[in-house]
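Heads up, the next two complexes both have subunit A, just with different partners, subunit B and then subunit C.
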Partner chain A sequence: MERQRPRIGGVLYRASAYAVLAFVLAPLAVIVWVAFFANPIIGFPPTGYTLRWFARAWASEDFRSGFLLSVQLGIAAAAISLLLGVPASIAIARHDFPGREAINTLLMAPLVVPGIVGGAALFIGYLAFELATGIQIAGNLAGLLIAHTLLAIPWTVRLVTAALLRVDASIIEAAVNLGASPFVAFRRVTLPAIRPGLVAAVMLSFVISFIDLEKSLFLVGPGRTTLQIAIMNYLEWNLDPTIAAVAAVQIAIIGLALLAADRAVGLTRII
Partner chain B sequence: MAGRPPPAQPRRRIPGAPFLAAPGTLFVVLFLLLPLCLMLRYSFNRFVPGDMMREALTGANYAKFLHDPFYQDVLGTTLWVSAVSTAICVVAGFPVAYYLARSAGPQLKPALMMAVALPLLMGNAVRSAAWMVMLGKNGVLAKLAAVTGIAADVNLMYTPTAVIVAMVSVLLPFMIITVQSSLENADRAIEEAAASLGAPPLRVLVRVVLPLCSPGLVAGAVLCFVLSMNAYATPVLIGGPKMHMMAPTVYDEIAKAMNWPFGAALAFILMAVTLILTVASNVVAQRHYRKWTG
Partner chain C sequence: MAGVTLQNVTKHYGTSAVVNDVSLQIAPGEFAVFLGPSGCGKTTTLRMIAGFVAPTSGSIRLGARDVTAAPPHRRNTGLVFQNYALFPHMTVAANVAFGLEMRNCPKPEIVERVKAALLRVRLEAFAERMPRQLSGGQQQRVALARALVIEPDVLLLDEPLSNLDTKLRSEMREEIRALQQSLKLTTILVTHDQEEALAVGDRLVVMNQGRIEQIGTPANIFEMPRSRFVADFTGVANLLAGRGASGGRFVLAGGETVRQADAVAGTEAVLALRPERAELLAAASGRHANELPARVVTATYLGTVSDYRVELASGTRLACRQTNEPGGGAARFAPGEAVWIGWSETAARLVAPE
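Moving on to the complex of A and B:
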């Protein structure tokens, strides 16, 4: 229903909607802008523009190794959660069995348990395991990878299950009736059909792992920090264009990954 | 967020198919459920300084929380920061959600939805850094205040206000998306009927739109509240060392003080308080909703 003339209320409502959007986006825009400032101490307006803070950020051992570790963790966590999550999704989407709902709830549980609580529990669990067996996991790559995989599983299961439910079951039925083995039917029929869901799952798993702070907090060790922890440590003492450059790079990488997920299935459908 | 799974597609039963879910389920049981149980057990142990902890079955850690005003203040601060942030999110998020669901044109809408969703996954450390640049001594807002002559020397960092401002900006997208999708599902013909029967816009808003999307408002508010109760980066970086909230305190007790029993107790107190308030608000909201819609 279109109104004939703009009312004052209508104008106010539009203005407030845009003001709130600006409030959410402005800080991110500003920190990207600051990354190009020439002045070494953040101040407005800038005295000029430069790219050297990006070079300085990359030259910093903490940020470079943190970044590389976070990228590796993100990729590995996405891959393992796919290995664990896709079969689980098939069971949930295609089969009705006792305990199906309970298993689904369990697979979603890492989303519900607060990061700091889950991280603390995992840390305590690792140390108890180490005390009992002498095998160290806390502060190790394995310990971090387990935590990050845990974060990625609910998203993977949710996205892949949704993708599977959109596939017409009768097509697979037809393939099987025509003599395809379940494996061949999966590889030749189901897999191509759910590819967008898989792409979105991988992208989102990567991003969720990449930005995790709370779970990793307990599990990083000396000389082995993720990028988020490195940022956190740096920010406790400094706020300068170097950290703005790190933030700008992170915003760009995550933005690209999410745009890819968006092209695959539509981002707002995921979250 | 978890919800119940959509119904499975009817299909020929393959024996053993449920076992496909076994590896993933086992992973979650082993690395989430089991550690949580262990932590719950440890919260009843006795802490001995220098010796980590002794096996025991004592409520002393929970009693310590009840008797120490410091930790009650920590919970109190966390509760009111979360409550204020959530309330602001409800009020500020609604116009954006309504705009996205009803007013934004077909070309503008996807771009705006993206602009709302992207910040969600930018990472709390980076988003806190962004607010530090906005709020700091040489920050954007201080500069603006100086240039416009409002105030000469403002430093908003390390205040509860700053924490709430940053928290609201982190949480708003959750609120906006939840309410927007509930508005999307509500039949807009009802609003149009009310308007064409002569109800002024404000009346349509209060009597029709808000009741229709109230489940979305409640769900969004609960989500914001839970997330702010458990926030870590914002209180630490924006609130500074003097602002104590629950999640950073849990971290300090377990990782720094190595007082596992008390840290574990704090973690479960945090979860229990959050859960009780969430369930209570859902019950109250449902009662109101029934009254509202008759």
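Moving on to the complex of A and C:
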């Protein structure tokens, strides 16, 4: 339609949209570019190109273990938030119960609270829990995993609920009418219909967990840092392209996950 | 094959009774039609039989089996939804096979029966298509095949034809009727289209505000509506209030006295006269028991017939439908023309006022 009647307004709109996009993407592109510079300190112009920063990043114990921990955390958080989030979404989407709206609002609350505040609150909560029960969770993997699951759940519930609400209720009834128990009807009819939503939820949960810095800050223990915290630590003393190489890898991983999520379901339609 | 028995079935939502004390017996192999205006509780009744709505009180039996408390997936009913509700991620064949899989049918038998079911609705060539690749009428036939293949105790159709265009609708109507007859399947169809109801039903159940208004054969409902509501709903456009007088006479509210065979002296009633059962005359002919002078108000040419509105001297208005003469051109009478309207003493019927 746009092509049929080019308007000055339409052209301006597109131009400004591309400008904003360029503004957002340019730093990312520059970081990836810099990761290949031969310069020993980040700077322009490039004196040549090399892959050695990637090798150095991988050789660094901090980055490697941070990366592995972040990947594990991301996968575990995505899996747990799916296990908890899907039943919650079913309850929200299928049943009209008192407090349903309140739960919906509450689920969105973590998006409003600054991450650093949430992290501090969790830390204090963990300490209180430890005082009461003697079980330590602050500073160990369990505490970190709980925090990351909490990060991911609102997104999972939101995406899965939206997917469930788009499923035509009559096809589920049709399955039941044909002899499927409610469980079988869910597995055979509802699940395939919401599969794109589930894929998107997993991908997005992973990304949200993977890029988290603030919540983890309080909760990591000695010798157990996430990639984001490793990056921050490194930046305190160094400014060589190793950091750009790490960032480039990270951008690639997040980009792929978001792309997969977007392919599965028009993400932009839901967020 | 099983019959369906509803006994004092009532459904309340909050304080309003959506279905109110409905008792009904549908014989094995019978084709029953629930007919009524929007919101009268047809769908709710059907969904209670399928098990998706629990009655507030009363009982439902399929054959000898009391299913009032049975979950929907154990009822063995075949429900066809208005929007077809095909599984979008399954092929046509997989859609039809679903019910058989749920019944743990052996694989070879499933293949055999799916093939036969698709053949029955003339869709054997479409077995591997996805539902979205089918037209509305084809989707409808898949939904029908899917419901039929499980050999349900009762086939339930909720306005199955309302999403189809007029021509396809009458074709599908005949197809459904033919299938029902060849399988001798107990069937309930819900509609608010009286023509559809008359065309397919062995028996019509006219519903109004959650109650059964009248049950009868199509001819019975059409010719002998018992209430003003049924008469109105089955297309009796002329409903004239009045009071019976002695000697088979009926006095209209406008003051005209007409001959009416079933009039009872002193009883308030409503004269129900179908537009096509009255005749417009250029002059009094003496051929009808009732002939009243009138004036044409509107004339609408509809091809085979013309519809007229005429006004009696008292101001009472009547609708009248006349078959057009072959090659006769436009409507025979024009607005403003003085005419006579005539009908016999058995053309109309008295029904109870509301």
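In this section, the second predicted complex is superposed on the first by the 249 of 271 C-alpha atoms of A that agree within 3 Å, B and C clash if a C-alpha of one lies under 4 Å from a C-alpha of the other, contacts with A are read in each partner's own complex, and residues count from 1 in each chain.
As a working rule, contacts are C-beta pairs under 8 Å (C-beta built on N, C-alpha and C of every residue); 3 or more make two chains touch, one makes a residue touch a chain.
Because the structure is a prediction, the values reported are computed rather than measured.
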* Looking at the combined model built on subunit A, do subunit B and subunit C fit side by side or clash? -> fit
* So, A:Gly125: does it touch subunit B (first), subunit C (second), both, or neither? -> first
* Structure fact -> Between subunit B and subunit C, the one with more contact residues on subunit A is chain B
* Asked: Does subunit B (first) or subunit C (second) touch A:Ala193, or do both, or does neither?
  -> second
* To do: Report for A:Trp237: first if it touches subunit B alone, second if subunit C alone, otherwise both or neither.
  => neither
* Check whether A:Ile171 is in contact with subunit B, with subunit C, with both or with neither, and answer first, second, both or neither. => second
* First, second, both or neither for A:Ala180, with subunit B first and subunit C second -> second
* **subunit A-centred angle between subunit C and subunit B, computed on Cα centres after superposition, in steps of 10 °** => 100
* Superposition-derived minimum Cα distance between subunit C and subunit B (Å) -> 6
* **Those residues of subunit A which subunit B touches in one complex and subunit C touches in the other** => 173, 176, 182
* **Touching residues (chain side subunit B, partner subunit A) in the complex** => 1-14, 17-21, 23-25, 27-29, 31-36, 38-39, 42, 92-93, 95-96, 98-99, 103, 112-134, 136, 138-140, 143, 168-169, 172-173, 176-177, 181, 191-192, 195-196, 201-202, 226, 229-230, 232-233, 236-237, 247, 250-251, 254-255, 260, 263-264, 267, 270-271, 274
* Asked: Residues of subunit C touching subunit A in their complex?
  -> 50, 52, 71-79, 81, 83, 85-89, 98-99, 102-103, 146-147, 150
* To do: Using the touch rule from the top, collect the residues of subunit A that touch subunit C in their complex.
  => 168, 170-171, 173-182, 184-185, 188-189, 192-193
* Asked: Which bits of subunit A are touching subunit B when the two form their complex?
  -> 1, 7, 9-10, 13-14, 16-17, 20-21, 23-28, 30-31, 34, 41-44, 83-85, 87-88, 90-97, 99-101, 103-118, 120-125, 128, 146-147, 149-150, 153, 157, 161-162, 165, 169, 172-173, 176, 182, 207-208, 210-211, 213-214, 217-218, 228, 231-232, 235-236, 239, 243-244, 247, 250-251, 254-255, 258, 262, 267-268, 271
